[in-house]
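Note that the chains are named A, B, C and D in the order they appear, and that numbering of residues resets to 1 at the start of each chain.
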Amino acid sequence: MKQEKLTVLSNRPLTKGVYEMKLAGDTSAFSRPGQFLNIALEGFYLRRPISVCDLDGDTITILYKVVGHGTEAMSAYGPGKELDILCGLGNGYDTSKSGQNPLLIGGGVGIPPLYGLAKALVAEGKHVTAILGFNTAEEIFYENEFRSLGADCIVATADGSAGVRGFVTDALPDNYSYFYTCGPEPMLKAVYRASKTSGQFSFEERMGCGFGACMGCSCKTVTGYKRICREGPVLEKEEILWEK
Amino acid sequence: MKQEKLTVLSNRPLTKGVYEMKLAGDTSAFSRPGQFLNIALEGFYLRRPISVCDLDGDTITILYKVVGHGTEAMSAYGPGKELDILCGLGNGYDTSKSGQNPLLIGGGVGIPPLYGLAKALVAEGKHVTAILGFNTAEEIFYENEFRSLGADCIVATADGSAGVRGFVTDALPDNYSYFYTCGPEPMLKAVYRASKTSGQFSFEERMGCGFGACMGCSCKTVTGYKRICREGPVLEKEEILWEK
Amino acid sequence: MGKMSVNLCGIELSNPVIPASGTFGYGYEFAELYDINILGTFSFKGTTREARFGNPTPRIAECRAGLINAIGLQNPGVDRVIAEELPKLKKVFHKPVMANVSGFSLEEYVEVCSRLDREEQVGWLEVNISCPNVKKGGASFGMTPEGAAAVTKAVKAVTKKPCIMKLTPNVTDIVSIAKACEDAGADGVSLINTMYGMRIDLKTKRPVIANRMGGYSGPATFPVALRMVYQVYAAVKIPIVGIGGVSTAEDVVEMMLAGATAVGVGAANCVEPFACRNIVEDLPRVMDKYGIENLSDIIGGAQ
Amino acid sequence: MGKMSVNLCGIELSNPVIPASGTFGYGYEFAELYDINILGTFSFKGTTREARFGNPTPRIAECRAGLINAIGLQNPGVDRVIAEELPKLKKVFHKPVMANVSGFSLEEYVEVCSRLDREEQVGWLEVNISCPNVKKGGASFGMTPEGAAAVTKAVKAVTKKPCIMKLTPNVTDIVSIAKACEDAGADGVSLINTMYGMRIDLKTKRPVIANRMGGYSGPATFPVALRMVYQVYAAVKIPIVGIGGVSTAEDVVEMMLAGATAVGVGAANCVEPFACRNIVEDLPRVMDKYGIENLSDIIGGAQ
């Protein structure tokens, strides 16, 4: 982990509630896709943890959804604004287990970390298929970005207004070597049940510190207690204990 | 009282710790010199009450001393910054009692409201003498500004590094028709004792609201309890009860 | 637009927003700023038998998300409140007002309440048994269930108006005190009064406030107030006026979900004179955002 | 440069800054960020006899100037603390550490304290009788002078290390509890633990935290903590570790003026991992600004 000052390059809405922010600065603390950063916002006590969508040299891209006053304030930040950010948090995805035909399954704002992952897997010469789930056509973002990487991209919408009608699990292909997923917990559970291979899940939890100090985001796993912010957010399928 | 959005026009240090800020906006709530405004500062719970130094059309000038984190933050505000300000607070000085040769006695950051008062008295055709007290020559501000109004201006410094050596009471002239004063409480007490005519005193107190709601700044007077923010900050000599 | 009205001890309020005692004077300062009849009601400055100047100044200290005050119950005394303040108020406020009463003895509470009982303008008596600023003051009554019950019984005997007992948060078990008030006949409870706090000036190395300590209020106290309202709601049947750090329409909704029938707004009035007007105007938007059609339906909804 | 060292129960601290228990783990996460030997000491995660997972998540809720947590004493249990955590810590921290102990019974306190008594790395035992998160937990002991005294006596009987009793602010009279600890042989008291608080999610209309309520900490609690330290200092002779919302070097000085010998920093570590390093580095500037040559001279200076 490193504490850095990053500067907003751009900040624009992709859909009604989802924004893309590009930040410039020292990104050396990040080593894997699926890691996250933790942004201090003026006027709010806790930092906001947000997964990294893409890393390109000294530019970081994050996508975030406006869900409360904090993200609402973030959405108003303009280019040039300097932010206090903890970089390089969490374990991230392990691409070494992917096999040749990894499947990426993302729902809503769970999709962003899969973009950086797809980029890394494609760079490793793998054939990536991405299933992107949304509620409705209006909420779709980053479909073209995934295609531009060279990934096969399947969109699913719950209301059928675009792509496959239904949930991401309704769009699962028959063959894949491994999977990576991130999204709301009901989706993760459905993927857990429907998946035919091993895979990695990225979890969300309300965090205090984001770097392992406060034990705010602990979960129970097959291999013991883990902190989502430190030993997570990515857990392997075989470790997961569903509690709720 | 009116709540207004005022925009910073300029903000510059006059001495090491005293700043002059000019603000533009609707100033119609002010009716007398010696009134004050109450500025909301981002990140601080209470507003900062500051007396008006000068009012010129839609431009307000305030002078303030950096004494804590709030005024420190203020000192960094640049042109264009919009501020939430309560305007037209307090009773202000009554120029109708001044006679022809009023004396103005100010100490340190008690001087600013006397500038607007001097301007008003000069405009009414009165012959104004101003005594400006400072600790030392380096801290002197607004001497030329008072002279430019046409006021006779006597500077006193406690260490004798400029003007009369000593306190403002060491510089009192023999003849004056009335007096107006503002400054630290020990100075006000000394003026009270040394003055030969009636006069008006402007007081400072820690305020909660600044507009009469919370009773945070009450004082006892000969004519009953008064709120410094509402029935004050200006009291007449005959009303004053020194308690401490 | 959703329905904002609530019923507080048998009297309908057009909305639950009530400026809290001590931050709204006797109302007419604010009536110069906006039409205060848009408020549910307001609770006027704490009134005692005799006129009081209160504590020496400084009486105010700033905190990170609030302020400490040690006013010490400055007020003109019940006679002048009735003779001067209420007639002035009548011209600008046409709803029942909440009369806040403080006292230094049971007899004083009884006398002030019985005097105010005769005033038609007064809708409720809010009996402050928790002001932490007066050494021999109400704090001792509100610190124990027995003391709280004694004041409740005494004032209930001399008034037909609904009596709302105002409770201090500076206790181990506020639930037992609220229940004691209910058992003694209280028509409602209001909570929380300020939290006992302090600041020290690094320059002088002395307490900022002349009285050394004072009552801490503002957004900082909201989570504690909310918790206490939630706990008390689960234990009593009488309505609760939820007070403590409320600054926005969202805070009002959160306090009602915890269990408040009406919501007091205190410190916010001191830093934003239009705070209560802004909250009342913003409530319909917030209700709409969170799918609330009738505010009185959500009281205690998070239990 | 002024002198920053203070003496806490016979052990010299190079400065009064102590990361508070539960916000600093067992230290080594922070040792990756900076040399934690610049700290006076730190208090490690509250340790119980058995390993505990703690409460279900969500365990965290944001507030205007702080946060609520309901961790519920997650820890690996005293055996693994001694077998695994202390050896790991030894590599990166070369000063006596403060061992924070929690328990659900007198026997548990006694057993954990007697186990830790044998550990050379441990300088002090900080005995938490105030965690509000565990229903059957320490809260009951710290709520009364009798309970606090009972734990103090029991642990003092099994250890020669200085015992600092950690007190809850959620009581009517913290002074009586501090005095009971002193009378029962405590070597110091630390205060305050978190304030019991709550938040409700307007979207779900349910409490944010799974456990509904939790411990509120952060700058919002500072004025209450300062007041309690001030009151306790006036009543006891044993040293006080002042804790509650401290975020800056100025806060450290203010807490010491109130009566603290050493100063705990809690929530600040969660939002600013370098908070304690920044405070230690800024202290000389602040001392200079306020004309303080020797920090230990200002303890209780505002009394």
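One rule holds for everything that comes next: a residue touches a chain if its C-beta (ideal position, glycine included) is under 8 Å from a C-beta of that chain, and two chains touch if they have at least 3 such contacts.
Keep in mind the model is a prediction, meaning the values are calculated, not measured.
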Co-neighbours of chain C and chain B - touch as defined: none
Chain separated most widely from chain C, comparing mean CA positions: A
Chain centre separation in whole Å, for chain B relative to chain A (CA means): 57
Averaged-CA centre spacing for the pair chain D and chain A, given as whole angstrom: 36
Where chain B and chain D are represented by their mean Cα positions, the distance between them in whole Å: 47
Inter-centroid spacing, chain D versus chain C (mean Cα positions, whole Å): 34
Per-residue overlap in chain A, given as positions that touch at least 2 other chains: none
Overlap residues in chain D, where contacts from two or more other chains coincide: 61, 63-66, 219
Interchain contacts, given as pairs of chains that touch: A-B, A-D, B-C, C-D
Footprint of chain C on chain D - complex, ascending: 61, 63-66, 68, 143, 170-172, 195-200, 202-203, 205-207, 212-213, 216, 219-224, 226-227, 230, 245, 250, 253-254, 257-258, 286, 290, 298, 301-302
List of chain B residues in touch with chain A within their complex: 42-43
In the complex, chain D residues that touch chain A: 22-25, 29-30, 32-33, 45, 53-54, 56-67, 69, 71, 74, 208, 218-219, 269-274
Of chain B, residues touching chain C in the complex: 1, 3, 40, 44-47, 86, 205-209, 211-220, 225, 230, 243-244
